[in-house]
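Letters A, B, C, D and E mark the chains as written, and numbering starts fresh at 1 in each.
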Amino acid sequence: MRGPDVSWYLIVSAILFSIGVLGVILRRSPLIVLLSLEIMLNAANLALISFARLHGDHDGQIFALAVMAVAASEVVVGLGLIVAVARRKLVLDVDRFRVLRG
Amino acid sequence: MGDILVWAIWILAAGACLGSGIAVVSFGNPFFSALALIGNLASLAVLFLLASAEFLAAAQVLVYAGAVMVMFLFVIAYLGGRADTPFEGGPTWVSAGAVVAATALLVEIVVVIGLKAGDALSQEADIERSFGSPAEIGRLFLTDHLLAFEITSIVLLVAAIGGVILGTKTRDEDELDRLGESA
Amino acid sequence: MTTALIALPLLGALLVWVLPFSGRISGILATFVALAEVALWAVIVARFDFGQNLQLEDRQSWFADLGVSYHVGFFGFSLWLAGLAVVVCAATIAYATWADRERARAYHGLLLFLTGSIVGVFAAQDLLVFYVFFEAMLIPLYVLIGVWGGERRALATLKFVIYTMAGSLLMLASIVAFGLSQGSFDLVDSGFSDNNWIFLGFLAAFAVKAPLFPFHGWLIDAYREAPSEVSAILSGVVSKAAVYGLFRITIAKFPEPVEDFQTPILILATIGLVYASLLAFRARDLRSVTAYSSMAQMGLIVLGLFSLNELGVNGAILQSVAHGLVSATLFLLAGMLETRTGTSTFARLGGMARGRPALATVLLVVGVIALAVPGSVAFAGEFLILAGIYDEGWWWAAIGAGAIVLAAMYILRLISAVLHRARGESVREEAHDLHWQELAIVVPLVAGLLFLSAWPASISERNFPTRNSEAGP
Amino acid sequence: MTQGAWLCLLAPLGGAWAITVMGDSISRRTAAWISTISVFTAFAGALVSFVALLRKGAEERETMTTAWTWLSTGSFDVGLSLLIDPLSVTMMLIVSGVGGLIVLYSVGYMEGDPEERRYFAYMSFFVFSMLLLVQAGNFLILLVGWGLVGLASYLLIGFWHNRPEAVAAAKKAFIMNAFGDATMALAFFVLIWQTGTLEFAPAFAGAADLSSTALNLVALGLLGGAVAKSAQIPLHTWLPDAMEGPTPVSALIHAATMVTAGVYLIVRAHPIFELAPSIQDLAAGLGAITLLVAGFVALVQTDIKRVIAYSTMSQIGYMFLAVGLGAYSNGMFHLMTHAFFKALLFMAAGLVIHHLAGEQDIRKMGGVRRIMPRTYIAFLIGSLALVGIPPLSGFFSKDSILAAALASGGYGQVLFAFGLVGALLTGLYTFRLFFIVFRGEPSPLVEEHAHGHHGEGPWTMTVPVAVLTLLAVIGGWIQIAGLWHYFGDWLHDVAEPLVEPTVTQDYIASALAVGLGLAGMAIAWIFYAAPRRRPLPRLAAARDILEHKFYFDELYDAVFYKPAVWISAQGKRFVEDPLIGGSITGVTSGARRAGGALGEAQTGYLRTYALAIAGAVAVLIVVFVAVQ
Amino acid sequence: MIDTPTVDWLALSPTLALLGAAGVALLAAVIGPEWFRRAFAGFVAFAGFVTAGVLAGVLLERSPGSERLLNESMTRDRWGALAAIVIAGAGALSVLVSWGEKRRDHSGEYYALLAAAGGGMVFFVGASNLMTLFLGLEWFSIALYIMCALDTHRATSLEAGLKYLIVGSFGSGILLFGSALVYGATGELGFASIAAAGANEDYLLLAGLAMIIAGLGFKVSAAPFHMWTPDVYQGAPTSVTAFMSAATKVAALVLAMRILTVAFPEQEHLWTVAIAVIAIVSLAVGNIAALVQRDLKRLLAYSSVSHAGFMLIAVAANSDLGGKALLYYLIPYSAMSVGSFAVVAARERELGVPVTLDNFGGFLWERPFLGASMWVFLLGFMGMPLTGGLIGKFYVFSAAYRAGWWWLVLAGVIATAISLYYYLRVALAMWTRPEPRLQPAIAGGSPPRDPLLVSAVFLSLVVTVGSFFFVGPLIDLAENAAASLPF
């Protein structure tokens, strides 16, 4: 049972990664930015897993698992931060955060 | 025949994955984006499965699409999913730059993969049936990657503390609010 | 001994900073330390064998992997430069005490620190140690100008720092390159280099510090804005660090590049000499004249150094000492004038000779020595320099001699503008002559100048032990 | 002998030092007397040396004494040494003797000036410097003395420092002399590198091997110094202005001693000049030109001291002429007699000025004879000596110069003609001055001061005048052509003359010179003193030229001073301020602008930060892949 | 049955000490009485850092060679141990600086997070496979994100936290993807194994390397990955900035050198040049942008960018001299960094507003010790003598020169010259004679006495100056440490 070889997975992964990058750079809602970050991490995961398959090596899978946990952690902190921001009645728009600049 | 089925599933999953990914970044409303991400994660789980990562596929669905995204949705709901117009605001060169940069990255990675594809990438290793099974993963976690495992837990712990700290209101904030009201 | 000479003022500085004395007391303490330093220097001179080269060495490994060690010691000529430093610094510290600067503890401590680092520069026999002292010398100067300077001190400090550091940093790069290619940073152990770029890096630092035309952008502001005693050290002593560096490093270590670049350097020095003299001739205030004259003199000294013969080099050292004392005294006098009139602008001065015989006499004597009237130590130095440079081409000597005529013009203008003619609008009717304490500060300097005028050979024949005409230790 | 020389040298320095250091603690009078005594002590020292030298044989009259090494570097050293030989002793005697008389005169002249102490310190210092100059045992010490007399001259010309003219004149004198110092120094550099020494004898010996270019350079450098110091054309313009100083200063420095140092220098360095004959001829030529030019300019001056100053220039021109032709003793002889009679003239003029409360304009004078008869006599004797009327001192010395010129071939005879014209002019301008000031009816100004004083001055002033009057009369008798020549013999070994005029030439020269001098006096009488005076000829152009002193000042102003000022101003305007001062501010403001631009790039939009990272990664990958 | 792997507890002990401290502090922060929390947590965190430092010292003493543990999860060597000491030192000083921070809630948690972040860094510097690298990075990064945003009542703090979080996660996303590519190219995660896999000509590996450099460059705050730095440093609580500026740089730079030399020796010709270029860009951007800053923290942030450039020069040299230079440089740099931010914190606390060049005026005369110390730190940043800053630059330049890269030396020289301008502006502001009229009011009447902060500044001063005089011993340490890397 052979499906597409690893390069196809990788291409998907690359596209997904680029979508994530686009999302982070283009979107202004911090929530969607966070979601885009998740997409980037998942793209990486996909790459890791397909490489694990390529090499027949579990390290990649384990790495991917750890990444999931890390992604979850980032989400937790990110959401906490967004909640704190919302509590301060600031507009949820990353473009509005530019007191610090120059 | 099996191959074709696998291909078909793969194409479906990959398409769904990319489609939902695009959806995530293009929906105006974060709520829909989050939902799209769930779809994205689920379709990724399928791809994982096809790449012989059963345990990870399961974890993806359970942990990610389940737990994390639920939290996400909860927060979005708490904040009231305010929609914004996607791809607008900020300096215009940012959007152009983003597209250029993302495309460049994509092309580069694809080219790199393409350069490699001829030889190495098609030579998939022969794998055991147990490849990617929970048992294997679990064993490695307790032996070779013990440290990574432990650290993952620490990261989660730290993040949890962070979530708590940031999520709760402090007295400094209270005071600020009072000042705001009196003013 | 050498380390003691370096460390004494540094420890004194710490003491002044730490002990919670009032301003006046701390000033007196600092003055005592400075005088003790002079005494220590005198002891060293007494023990020094002028028939030998490097002496009184202290050497201790600092970090061995790159071959850097704390290595200090004195040559005959560097001992004179160090003597100039300690004497001038003692005078300036005494003057600062007398002038009663605000925040006196910090001020006096910084002056002592400066003294120690200048002595360190003249003693350094390792490139990195040299760099350390060279820079350490600048640190207190920055503060002294930046805090106690005049109205435009911020600009003056910035210019001074950026100019001097830009030069110094190029030197640091050169030190790195030189030391690594030689395998040692020690000035005694290392050999010669024929790398032009490394040479130019060193040259840059010294050209700025001296300053040579056209690297003197910092000069006028710094000299004008700094407190007078700081200007005294700056022009009198700090510029001599460049002399030491030029001689001990560039000339001694880069024989080939020196040959190659001799003419351009001589041209720059000559341009600087004439240019600064001309500007001094039209400058509008006492300090500017002294500043530009200082620059002109440095051009002359560089001319002597790069004549690369015994006459010129000896003359350069002699002239360094002479000019150090002269310009320090002139700046101190400028300070004394400013405390009386609140200005050093010529247009507001004049007629101060009347009723102020001591002031007039001292200013006149110093001025006359500054313009190198024959018989003065400055004349002896300039004579040797020009005699030395004559060998490289009569035109250098001719231009140099011409510049000395210009020196006569601007110094006489200075003297007249301050002392002669009708009383200036800033000069008070009631004549305040120099106080005896001020005299006690200035007169020893003048006496030193007169002594050296009577016997310039006391320095010129004790610079180098050997009688061969090859310059360089 | 050496003790005498050192005493001679150091006594005035000690006097100056004592007056300076004691400051207010001694009275002004005490300072004056300290100075006077110190200079007379120097004279005593000079006499001791003189006597000691006389006792020796003619060949042994040369002693060097070195106090310590003054300047040395390895292979080159110069001692602080004195040379005692007939030449230097002659100068020592003149300097300290005439100097002593003038300082004594100053005691009276300067009385009441608030800064007397300073004056006398300067005077003593000057005498010291002048003695150092003439006693110097090598060129460098000579240059030291040379410079120090310049300094003393500066100090004394500008003594009344609240007068801007005095300050300006002092600066001018110093700077022109500094120019001369510089050319001398250059000459010494040649000597150092070519002969390795600055000692007189070895340097002269070594000079023989030099190339003619080098020799010409050395001689030219020395001549530059001499010309500047002795106010010869073209470096003469400072001397008339120097009359801003007190009159005794003019007498001492600008008549008797310092200005003649150039003559001394040429005599001292004659071996070099003889090796560079063209330069020596140049010296003679310059002297000849100066004596004419100065004589002409003296005709129109209206300041009593300036007239005498131009006359000094003119007489030094004679001396240059002499030494330039190699008649060294003749030049020195005239130097000595000139010291007597010119000092006398200045001091007599000083008496007049003193009497008239500082007035120096001869147009306001007239008939001074009535109120100052003895001064009148002294001035008359001085004037006659100056014109060269026998048997006064000037006659013998000036005529010996003219005779030497006559004996020096074609070039010499041209110069001889110059000298004769000069003699005519001398008679003319001297007696113009004399007649205007002393003859005729007293002018209102003179009337006004007629009864102000008792006598013509205090004894401190009159005694020196009397002594100098005597010297002006008899000073020339030590050398009478055809009879004896003690002076020439005395100097013979030091400076062997190149020309020895015959007695006939002497007589021809004397007759012509005296005749022309008398003619000049007669013309002066016609225009200024005759009962029926002839009106002055109206030569407007000539007058203009003369009153502007041949436009030398204007020329130097246009050629040196103005360009220097202009260059300086342009340098400040176009180089110093914009380039040197502006470069750093330009660089910093440029850097700050760049910083501002970077700040703009730091937009605050976090999305741009991510974009920067993504872009950089993209570039990095491309580069890596492409390079590989 | 699973064979339990043998764990080298000593190698982990510094990390564990800090983790333990974090745990204890957290407990106290949660269950202790309110008055007790801050004191206890602070003390525990301080003790944790000190213990970690001591244990790292022991580790340094007892690790003569380089030993890979747990399937290349981490390496026990002197390279990591020395870096751990520096991090622990910076952490301990940061605790002292933090003490005077007026924070009513979460003060206990703050110290727990500080200790946790420190633990992460200490672990991170020993990481020797891509997974532990990523996890360690996230460990301390997440702790820092939280700490940056800790002053939730301050909008700038939130802004800093949000920016740091998003841009930081973006950076680690790129790092992760790069790791994945490297893994794909070699099939290995461990650094040494990557090198051994011999996938030298592999484009995947190169792309991965580029992304890893970017990710680490982000943490180092090297330009052009630096843009978060000024915003975050400015917005974060000052004590956090102090910790971040010192410790994060140490961790990231040390690890960057480790991964580049261990995992990518064959790609040396690429990454040395890349790092060199990044170094130059950092020098240029950091210094030039700092010229116009008026906010002191922001100015120091740009300065830290430029110093990242300097230290990257050492990395680019890729030699034992470079390694030595890097480790040596980090010691005074950390001290100067913590010290200068501590001084800023002191001023901030007495004024109650952000410190700018304007309200810093006259500081030297009001607080002579702190002012003089600040002057010394500035001198250190400039690379002036009597501070280790000079020797650090000297070594960095030496390393670059010996590597044949004289143009890096020149770039460093020019950058230093530019930097003088803004450092000196700070100094000039500090020296300004106080004019009562212009003097900002001190919040709360009189300057708060904060002996702990003063002692932190004092210790920083001692290190800054001491590292100048005792170069020999420190260099020996650094030399031994650098010997653990395969140059």
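Just so we're on the same page, a residue touches a chain if its C-beta (ideal position, glycine included) is under 8 Å from a C-beta of that chain, and two chains touch if they have at least 3 such contacts.
None of these values were measured; they are calculated from a predicted model.
> If you take the chains that touch subunit C and keep only those that also touch subunit E, what is left?
For subunit C paired with subunit E, the chains in contact with each are D, in label order.
> Chain by chain, through touching neighbours only, how many steps does the shortest route from subunit B to subunit C take?
Minimum step count, subunit B to subunit C: 2.
> Just grab the chain with the largest centre-to-centre distance to subunit D, centres being mean Cα coordinates.
Result for max centroid distance from subunit D is chain B.
> Measuring between Cα centroids, which chain is at the maximum distance from subunit C?
In terms of C-alpha centroids, the chain at the greatest distance from subunit C is B.
> Let me have the rounded angstrom distance from the C-alpha centre of subunit D over to the C-alpha centre of subunit E, please.
Here the centre of subunit E sits 77 Å away from the centre of subunit D.
> Could you give the separation in Å between the centres of subunit B and subunit D, each centre being the mean of its C-alpha atoms?
Centres of subunit B and subunit D (C-alpha means) sit 101 Å apart.
> Would you kindly tell me how far, in whole Å, the mean C-alpha position of subunit D lies from that of subunit A?
96
> How many Å are there between the centre of subunit A and the centre of subunit C, using C-alpha atoms for each centre?
Going by mean C-alpha positions, subunit A sits 65 Å from subunit C.
> Among the residues of subunit C, pick out those that touch two or more other chains and give their numbers.
Residue numbers touching two or more other chains: 158, 162.
> So which stretches of subunit E touch two or more other chains?
Touching at least two other chains: 131, 135, 138, 142, 145-146, 149, 152-153, 161-163, 166, 170, 174, 181, 203, 206-207, 230-231, 292-293, 421.
> In subunit D, which residues are in touch with two or more of the other chains?
588, 599, 602-608, 610-611, 614-615, 617, 621, 625
> Mind giving me all the chain pairs that touch?
A-B, A-D, A-E, B-D, B-E, C-D, C-E, D-E
> Over in the complex, which subunit D residues touch subunit A? Could you list them?
Touching subunit A: residues 599-600, 602-607, 610-611, 614 of subunit D.
> Tell me, which parts of subunit D touch subunit C in their complex?
Counting only subunit D, the residues touching subunit C are 20, 23-24, 68-77, 118, 140, 143-148, 150-151, 154-155, 158, 161-162, 164, 167, 170-171, 174-175, 178-179, 181-183, 185-186, 188-190, 192-193, 217, 564-565, 567-569, 571-572, 575-576, 579-581, 583-585, 588.
> Taking the complex as given, what residues does subunit A use to touch subunit E?
6, 10, 13, 17, 20-21, 24, 30, 33-34, 37, 40-41, 43-44, 47-48, 50-51, 54-55, 57, 59-60, 62-63, 66-67, 70, 73-74, 77-78, 80-82, 84-85, 87-88, 90, 94, 97-102
> Give the list of subunit E residues in touch with subunit D in this complex.
162-163, 166-167, 170-171, 174, 201, 203, 206-207, 209-211, 213-214, 217-218, 224-225, 227-228, 230-231, 269-270, 274, 285, 288-293, 418, 421
> Quick check: in the complex, which residue numbers of subunit B touch subunit E?
Residues 108-109, 111-113, 115-116, 120, 139, 142-148, 151-152, 154-155, 158-159, 161-162, 165-166, 168-173, 175-176.
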